[in-house]
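Right, I'll just put the structure down here and ask away after.
So that you can tell them apart, the chains are marked A, B and C in the order they are listed, and the count of residues begins at 1 in each.
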């Protein structure tokens, strides 16, 4: 059991990294990977939302959707969006400090494809409650890792002499390709 | 504020000048994730096209009935309905392709292109113009996916649409059909686009200078 | 999603009642539900038929063409053809027992899944409980490296290694093969993927083997 959970976590984090192997959450990856500090906060907000989404998906999958599988997509997207909004309000009341830290990122993330992607993968693989949570944490840690790596490279890149034609998105994609290539080295890490 | 555009511009701008993927950098997730073969790219392109077309149709038709406070939820509801329809239809008709695309069909829901077109165009324009815009943007998306899929399949498998191109001695560049290949392919496409754009600009500048010189000489 | 696509502030003007908001969303929801139920009803037969076809073809392949088969459920360390009515059939582990034309059992078809090199490898294999031989193996789904790891599915020589191999299976490098009955040559360059395929079969039989044997004995 423990080994299985560990595999789910590590697989989602590095072997099948959400951003670098599944291309999920590319918008924040391209958009807010300029500074390490922002990348870290974005990652933390992601882990939080992913956990909420995993709980919602598990609840819907066990309680409602066996009777109406065709409502999966609609209920996932609506329930996850509302759940995140409600938790956002709760955090605002309970811990203003945490709210300021995650702040503007929460509503942004809700419609991010990594969140729905995680919920769908969790469903397709038939993960239970604990498995789902570990999958969400692994995915969140993976997103954070990719974001922070990218941000640290881009901070260095500002001092580098990038060819004029490669400036902007082109160089970011090429670097992402190299990171993705490096992450392929993690394959086979935990196989039996 | 919506700019004044002609119907012709509605149709053509999404195809190339404002291409959703290559210029606006939207919908990157499907453009990278399922373009390892041309067939997958076409299937994803057509599925997205279908969802975009019918969502625009509905949103433009009912735009006066949808209060602005709940419009985003209403758009998402409409989009998710059509995506589920596409998902089930593909699974029933072409199960092999459905298996290859996996969860990425359902992820069309969160494709920024579709929600973006509803919010920016379909909700503010007449039905025919919303449809022209949807067709143009949809074609632009398909073209971008075909470009990605073509490059990746030709190098990665040495084939196009499954037909071998280079004979048995060709050693495929497997990297192109793996995830890094997706990043590299779009990176190189952007490099080429930048290079082309800069050359155009330089030519325009050179022509201007030449004109000035001619004017002086005269 | 990019920030510029965020909802704008609601337009000021006519105040919209909560009742109308609810009515709009309710109406849209009802319409969506109606459409979806309709498409679901239309597509479901084809989807189920395809799933049944995939299962039938894979059982045919690993058991070498049985005339028919029974579905057995694993419940309380035993196999049963008829689980109690309150059991959830979708979550119970299943094996398939195939019969030939004369009605004699040909062997079990068993599915299994474990993490391979890249992701989960899922396969089905045929197994004769009396002789303890594997009859055949077919990979159902995997995401191993194209050109290397995917040979576990596409390399017919490797797949053929599993026909008639005795259990528990031992994976060996082709150069070190001794010709023993339980040896399977692993694919060079795809050691982890090959080892996973072997491990899936061994682990499954370790757990289910005694149950299968007991079922066959009680049958006669």
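In the analysis below, a residue touches a chain if its C-beta (ideal position, glycine included) is under 8 Å from a C-beta of that chain, and two chains touch if they have at least 3 such contacts.
The shown structure was predicted, so the numbers you read here are calculated from the model rather than taken from an experiment.
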item: Chain pair with the most C-beta contacts; value: A-B
item: Chain closest to the assembly centre - both centres taken as Cα means; value: A
item: Whole-Å gap between the CA centroids of chain B and chain C; value: 35
item: Euclidean distance of C-alpha centroids - chain A vs chain B, Å; value: 23
item: Whole-Å separation of chain centres (CA-atom averages), chain A against chain C; value: 28
item: Touching two or more other chains - residue numbers and ranges from chain A; value: 27, 70, 74, 111-112
item: Two or more partner chains touched - positions in chain C; value: 1-2, 32, 36, 39-40, 145
item: Interface hub residues of chain B, defined as touching at least two other chains; value: 73, 77, 80-81, 84, 88, 110, 112, 115, 178
item: Contact footprint of chain B on chain C as seen in their complex; value: 1-2, 5, 7, 10-11, 16, 20-21, 24-25, 28-29, 31-32, 35-36, 39-40, 42-44, 46-47, 50, 141, 145-147
item: Chain C-touching residues of chain B, taken from the complex the two chains share; value: 26, 65-74, 77-78, 80-81, 84-85, 88-89, 91-93, 95, 99, 110, 112, 115-116, 119-120, 156, 172, 174, 177-178
item: List of chain A residues in touch with chain C within their complex; value: 7, 11, 15-16, 27, 31, 69-71, 74, 107-108, 111-112, 125, 187-188, 190-192
item: Of chain B, residues touching chain A in the complex; value: 25, 28-29, 32-33, 73, 76-77, 80-81, 83-84, 87-88, 102-103, 106-107, 109-112, 115, 175, 178-184, 186-188, 190-191, 194-195, 198
item: Chain A-touching residues of chain C, taken from the complex the two chains share; value: 1-3, 6, 32-33, 36-37, 39-40, 114-120, 145, 192, 195-196, 199, 203
